[in-house]
Structure formats: structure tokens, C-alpha cells
Amino acid sequence: MEEQSLRLAVYPGTFDPLTNGHISLVRRGLDVFDRIVLAIARDTYKKPLFSLQERKEMAQEAFAGNPGVVVETFSGLLVDYVDWCGAKVILRGLRANSDFEYEFQMALMNRRLKRDIHTMFMMTDYKWLFTSSSIIKQTAEAGGDVQGLVPDIVWQQLKIRYGIQNHVS
Amino acid sequence: MEEQSLRLAVYPGTFDPLTNGHISLVRRGLDVFDRIVLAIARDTYKKPLFSLQERKEMAQEAFAGNPGVVVETFSGLLVDYVDWCGAKVILRGLRANSDFEYEFQMALMNRRLKRDIHTMFMMTDYKWLFTSSSIIKQTAEAGGDVQGLVPDIVWQQLKIRYGIQNHVS
Amino acid sequence: MEEQSLRLAVYPGTFDPLTNGHISLVRRGLDVFDRIVLAIARDTYKKPLFSLQERKEMAQEAFAGNPGVVVETFSGLLVDYVDWCGAKVILRGLRANSDFEYEFQMALMNRRLKRDIHTMFMMTDYKWLFTSSSIIKQTAEAGGDVQGLVPDIVWQQLKIRYGIQNHVS
Amino acid sequence: MEEQSLRLAVYPGTFDPLTNGHISLVRRGLDVFDRIVLAIARDTYKKPLFSLQERKEMAQEAFAGNPGVVVETFSGLLVDYVDWCGAKVILRGLRANSDFEYEFQMALMNRRLKRDIHTMFMMTDYKWLFTSSSIIKQTAEAGGDVQGLVPDIVWQQLKIRYGIQNHVS
Amino acid sequence: MEEQSLRLAVYPGTFDPLTNGHISLVRRGLDVFDRIVLAIARDTYKKPLFSLQERKEMAQEAFAGNPGVVVETFSGLLVDYVDWCGAKVILRGLRANSDFEYEFQMALMNRRLKRDIHTMFMMTDYKWLFTSSSIIKQTAEAGGDVQGLVPDIVWQQLKIRYGIQNHVS
Amino acid sequence: MEEQSLRLAVYPGTFDPLTNGHISLVRRGLDVFDRIVLAIARDTYKKPLFSLQERKEMAQEAFAGNPGVVVETFSGLLVDYVDWCGAKVILRGLRANSDFEYEFQMALMNRRLKRDIHTMFMMTDYKWLFTSSSIIKQTAEAGGDVQGLVPDIVWQQLKIRYGIQNHVS
């Protein structure tokens, strides 16, 4: 039925790894949509730190108990996947100017590929403005404590990956 | 009922005057929302070219026959108005980087004022990237033909305002 | 003596009105400098909401009991004033891209006017990213509650100016 | 004849007042075009400091002896004026990101109005990056010495306007 | 002879692959210049999808029958190549803010290397704003149809590279 | 003692290689701080052109005879290193908008990691706006003369690396 597709949004990304910024965006999205598919891209331009399976498991654990969120993986063209889900909306976060141009370009291309699928943007909460997956990895790799910026499961995995000792603080 | 508010979005602005870019955004918004309130701000920082009443009448004529669009005016705090409408979503268009920062600032402030109202952005179609109300007025004032960039009713009014003769082209 | 000038910074602005973002920047600046002169510009490009005297009194009250902060007013060329203070550093906050270019231009011009005076920038804390004096005034004028974004004395004055009733929330 | 129009460019602006940045751009443009029309806009959005006649006289004096530069004034639509000149090229300087978006919007609008007139941009020399007419006026108004950033005739006029005494430096 | 060099412009790039945005820019450039050398860089920072020879052949086919366009390859310093061509102008397209800073930096460096060679920018037509070579490849790799955004010969090659089946649409 | 830490700043970077822009920033920093530690990062995201040891030796030679500058290398978390130095200030240069967002993100993250360490920015002198280490390497690799943009020792090394012949100009 028409109505269901309206209330479903796909939130695509690499999520390598999931951060609290992503989680905050999903929570805000759930005030507008009934269900959000967190769609983890199989294909990434840089070799990811975590495998697709690891990224999926961490996201599933982070959203366990939240029936409105479905964690999936996809490959190929995003708009085909969104269409296959029966969704009309791609949800994306905007954080900074440099995001803006890439997102703009992608939104226009996706619109060209499928005109009835719309990209909608929500602003990332200001608390998470400095919390990109890249800077999280860069900081953890140098031994920095990123607890509180990522879900617990991600922090545990980052400590294992980078051999970070527990701080006694 | 909860469900209705989900499908209602408020699209606020000065609309001095309405352009085809605004109309395109409303049309795309109607693929996602059941009803869009085009909310014309009574208070503007620069003295508007058209009165509130004129801006409302032009918008009403442009959307005549479209039952999904309601043209209203508002004053005071936007989030209070959105709340009064029973809506949870403020819809805004993004066009360029310079829009981005102002929009970001406003979205954060509005979120601070009412945490359960969300600003959602859709990209303006690339055809209307250069079609701001300001540049329309600036061009028409210099005698330029902006037909095709604004609804007919707006073009008629701009010609009257600026004494533009009919081009025989 | 040479050493004292090193530890003195001038933080110029319109402060119409002072916000918690300004206060946060001064506090952070005091970790680096011994004394900060909050220098309120007499001349502003837009007519200010508060008179120079009102802006000075609100700032003085906000920093009462903080011996490291001196609230002054100035007119004329900023670098002449900084020189007269015996300072070598102009302190400025950076908040967003659009600040950046104007600040860059001013810093280069000031450097041209006096080569031994340096502009140093500190980032505004992310909590105050959306707290410009303009948006504070714009929100308060529409009846919005900006308590917590400005010092109490400023909030009291804004309520008087804009006839805002006390919320019972 | 076709060939002449190729070698002619119109460099439009307010030139309130002409700066050394403008002069540098014209000099560089003359390496590419045979003749450049410096076209001073009669209509400005802010009230100009100097009258149209004063702006024209200062520009004429600054380019005296340079047969490749013609100083003119225009009103109405820029592309009509460019067409009337028999030129195909509008020359503009780019200085910073914030210029970019406005210039982009104007170039697209002008292209829409007359498809065979092209806007071409040259980068302002880095020496003049901080030399806008606005900051020149702002600095001179506060009593700052902008000699070397503007032609002599402009500096003389600015001193008269703002009552700047001769520095003995 | 001096005059010929004025009418010649070099349009350098990687062209991996050529898009309709590039073609549109060349067409607009030919309204201003008599001849445009499309100069394909041998050296690229990322490994190109198509070999230098393939990129050249595709460009030659796309511009076949257009006597004003010469497709060449070059290596080494761009300004040396431009000088060797007897040209004074480097032509570049501008598409977005993020292009701007890189282009600005390159234009200043090229000017430092050879002061009498000038970089001139034309805005990319709004229709091609979202058509970078990167996004074309990224979309085609995921199986997306980019027909209409690139010349036919490029689309044929992309289908072969990425194993895209013919859509029956 | 408290006072000493105030006068010490750490200027971190990859310095691959050191440019005259870096040197200019250090010189300006020495007007504000008593001592500046040029801290060369062992870990870089891209494989550096010069080894850590080479980068250190070139920097040491460039600052030989300047007792206010100490050249060091560091690995791990920057704020830990700054803390270990007994410094409270991280000094960074700002050159362009695209720098700005990355710097902003890093400054916020570093502040989160250690709240009493402050990042302070100085604008790069306009003469060095186009002098990044990347463009220097890119230009030298193509055989371009970058003398005057880097210290002599760096220019000698770049010539060796890229097999640049001495120009007789």
C-alpha cells in the first residue's frame, strides 16, 4: 500500500564504524518515519577498517531492542536498493559544508536515476559535529579515548583493533 | 491523531515573490508528505517588494487546484506556528553553500526551542539553482525577462511593478 | 616591560548583546593570556539594538568578579587601539565558514596596518555554534526563549526590549 | 566584424571606489583581450560613497594613457549593455569563496538572458586578496592608511571624504 | 604571429573519461577562442580507469568533425606545455566551491611559474553540475545508467568495463 | 612554573617538506610565544616523500640559529605530546576554507581529549596562500621551479628527488 512506503526511509552509509552521531540521526529520523533501514554499503572506496559483517553486527547490537530500525547491507546502485525496499526516501545527515557538495551531487545523480525517490537531509546534532567515522578511527589509532562518541560495542572493537589499554581515569 | 502530524510539513519563507524553485520543492515534498503548509512570514528583515497580502494571493493562485497545499501567513516564532499546525516537520530547500550555514544555525536554534520539531531539507532541483527571489527581483528591476522562472501571476505583477514592456520575442 | 604585552589580548566586537559564546571564548582565552580587554566597538554598520553604554554595562556585569577581564569601548582603527593598550594580540572567535573569509580579510588588513600586531583565532565551543548575537535578537524579537544562551542580565534586557512575558515552563 | 567582438571584454562593477585589485585584473585581462570596457554600474544596492560621475572620473584618471581601457557607465540589464557594446565576454574577478556563489548565480542568470554572452573569470592576484572596495572604505573611515591599495587619485578623495590627516611616516 | 596565440586556449584535464560537461565547456569556449586544445594529462594522481590512449581516442571521436578542437596529450609542467603550444590562456571549468580552492591554488602557482600565461574560468552549465568524471564512474560501476551524461563512445566503453547490460527502457 | 607553559606553543604537522609558509607562521608565532616546538608527525596518512629523519634534518637546518624554535618528532596522540611538552597551546595556520573544517573538527576533538589545551590559529601570510606542501611536491615532480617557496635545503632535496636540472635563468 502507498502509505507504508511513505513512512519508510533508507539511511545509507559505510558505517565504518557506527558513531553516536549516526545513532542520534536515526533517533531523530524515527520521529518522522515509522521505520528506518540502516543500509550498510558493501562497496567502499577506501578499504574499510571493519568487515561488512563486523559493521553489520555492531550496528545490530547498537540498535537491539529498537523495532523501528532494520540493519541491512546492500551493494550496487543505491536507488535500486531503495526501490526494492519499497521506500521513497533516502535519509542523510548534514554536518558541514564539505559534506554539502558531495551530498548535493549524489542527490542530483540519484534523482536523475530514479525521479520518484527523494533525498531528505537532517542536520546532525551539534554535539556530534566533530564525530565522523574517520576522525574516530584516526583518534583511536593514535591511542585516544573515544568512549562516549561511539556505542560501547564499537569502543570495545576499536580497543581490540588498535591495542588500546584501559584507561584508569 | 499522531499519524496525521507525521504527514504534514510546514514550508516557511518570505516568498517575495514565489518562484518556480519554490513550486518545484513543494511538488517534490508532496511525494513525501500528504499536505504542505506554505507559511509566508509576515515579518521580514528587508522591506519586501510585495505586501503580505499580495504574496499570499500570488501563492494561492499558483497552487490553485492543488488540494495538498495550504497557503497561510504567520508571525512570531516559527516553531510555535508549526506546533500550532500540529506538524512535526519544517521543510526547507537547500541551494548553495551560503544557504547551508544560515539554515544550519536556524535548524539548531529551532531544535533548541522545540525538541520534537525537525527540520528536513530537500535539495532544490538543479534547474532552479540560480532562481532566488532576490536575483529575480534584481533582474526584473533592470528590465530582464524572468518569464519561466516564476509563475505567470508573479511575472505579471513584476512587469507592473517595474514597468517592463512586453517583449515581442 | 615587554613581557606584559605578550600576556595581554584584545577581544574586539560589537557585543550587541554579549552571548554565552563570547563568555566561553574569553574564559578559554584566559587560559592563554593573563588579561583580556573586551573592546566594544562604538561604530557599528547596522544600528545596534543596545546603546554603547548598555552594551558596556551588560558586559561589565557579566564579567564582574573576574579580574582578568577589562571591559572597554573604542572607536577608530582597531590596531591603533590595540597598540595604545600595549597589546600585540587581537583575539577572535571562529564559528563557521562564513566568518572565516571576513576574518581572514580583516586579519590581513590589520596586519598591513601594523605588522607587529597579530590576530589569533580560537574556535568557538561547539555548544555555542548557533549562538550569534543576530540570531539571539531575531529569536527574542519573535518571542523565543533564549535563556541559557546569554548571561542573565542580557536575557532580562531582551525581555524588556521585546516585551517577552515570563514563561511558566 | 566578428573578429573584433572576440577581442573585446566588458568588466562591470560598482567601482566604489576603484582599487589596485581592479587595476591588476584589467592589466591581466589586456594580455588576453584587445580592449576592455570598465563598465561602472549606475544602480547600486547600497548607496555608494562616490557619485557615478566621481567614480567615472577616478577610473578615467587611473587608466589615463592606457588606450586599451575604456571607462563607461551603464544602467539597466548588463547583458543588454554588453550586447550593445558588441562584446561577447563579461570579465569578472574571483577572490574568495563567498564571491563564487554570487558570481555563479549571476553568470547563470546572464547566460539565460543571452546565451551567446559568456562570463569569464580571472583570479585576483594574491596581493589584492584583501582589497575589496568595502574594506578599503571601512578602513579609511576609521582613519586607516590605505595608500598603496588604491590609485593615488582614490586615496586623495578618500582622505577628503573621511578627513584623514597626512601621516608623516 | 601575436594574434593567433590570443585566440588559442588550452583546456587541460585528466578526462577519465570525457563527460558532456567537458564537451559543453569546450563548445562555450569556442564562442570566445578560435581553437581549443583539449590537453589530456598523462600523469594522474589516482590510477585512471582508462589508459591515456583510450582517453585520447574517446575524446577524438567525441570531437570528430569539429575543426576548432585539437585533442592532445601532455606530461610535465602544464605551463611549459601551454607555452610550447604558443597559447596564453589556460581554460578551466568551475563547478562548485570545492573546485574553487584547488583551482585558485593552481592558478596562482601557474602564474608564478609563467607570468604571461593566464588561467580563465568559465562556469559549467547548470545541467552538468552533477556530472564529474568520478561520479560517472562510481555510478556506472554500481550498474547505473549514465547515458546522456557522457558521449556515446564513453557510454559504450563504460558498459564494457563494468559489464553493464543493455537496459530495455 | 605556570608562566613558562603559557609562552610555549607546539606547532604540529607533517612538514613533508617544510615550506616558506610554515617558516613565516613560526616567525609570526615567535612574536607571541617565547618558544615554538615544531612537532613533526611520525605517522602520516599518505606515504610521505621524505622520511621522518629527512624532514627533521631539513627543518633543523632551516631554523638553525633560531634559539626560539625546537624541532622534534612525535607519534601517538597530539594532545598527549603537547601535555608532555608542558605546553597549553597548539598553534596552527589557516589558509583556506577547506583547511577550516578539518581544523575545526580536530580542534574540537583535541579539546574533548584534553580540555586545558587550546588550539590557536594564525592566518598564513597572503604571500604563502598557494604554498602547500602538496602543490610544492606536485609542481617539483613535473619539473617546476619552486625556489623561493621553500627553504634552500628543501629545494636542493627536491631537485635530487625529482632529477630537476639547474635552470639557467
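Every chain is named by a letter (A, B, C, D, E and F) in the order it is written, and numbering of its residues begins at 1.
We take it that contacts are C-beta pairs under 8 Å (C-beta built on N, C-alpha and C of every residue); 3 or more make two chains touch, one makes a residue touch a chain.
Small disclaimer: the values here were computed from a predicted structure and weren't measured.
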Number of steps on the shortest touching-chain route linking subunit A and subunit D: 2
Chain labels contacting subunit B and also subunit C: A, D
Where subunit C and subunit D overlap in contact partners, by chain label: B, F
Copies subunit B and subunit A - interface residue numbers shared by over half, same or different: same
Listed chain pair C-D, A-B or D-F that repeats interface B-C [over half of contact pairs the same by residue number]: C-D
Centroid spacing, where centroids are CA-atom means, of subunit B and subunit E in whole angstrom: 38
Rounded Å distance between subunit C and subunit F, as computed from the means of their C-alpha atoms: 31
Residue list for subunit C, restricted to those that touch at least two other chains: 97-98, 101, 104, 108, 126, 129-130
Pairs of chains found to touch, sorted by chain label: A-B, A-C, A-E, A-F, B-C, B-D, B-E, C-D, C-F, D-E, D-F, E-F
For the subunit E and subunit F complex, residues of the former touching the latter: 43, 75-80, 97-98, 101, 104-106, 108-109, 112-113
Residues of subunit A defined as touching subunit F within the complex: 96-98, 129-130, 132, 135, 139, 141-145, 149
Of subunit D, residues touching subunit F in the complex: 97, 126-127, 129-130
Of all residues in subunit E, those that touch subunit D in their complex: 6-7, 28, 31-32, 34, 88-89, 94, 97, 100-101, 103-104, 107-108, 111, 116, 118-123, 125-126
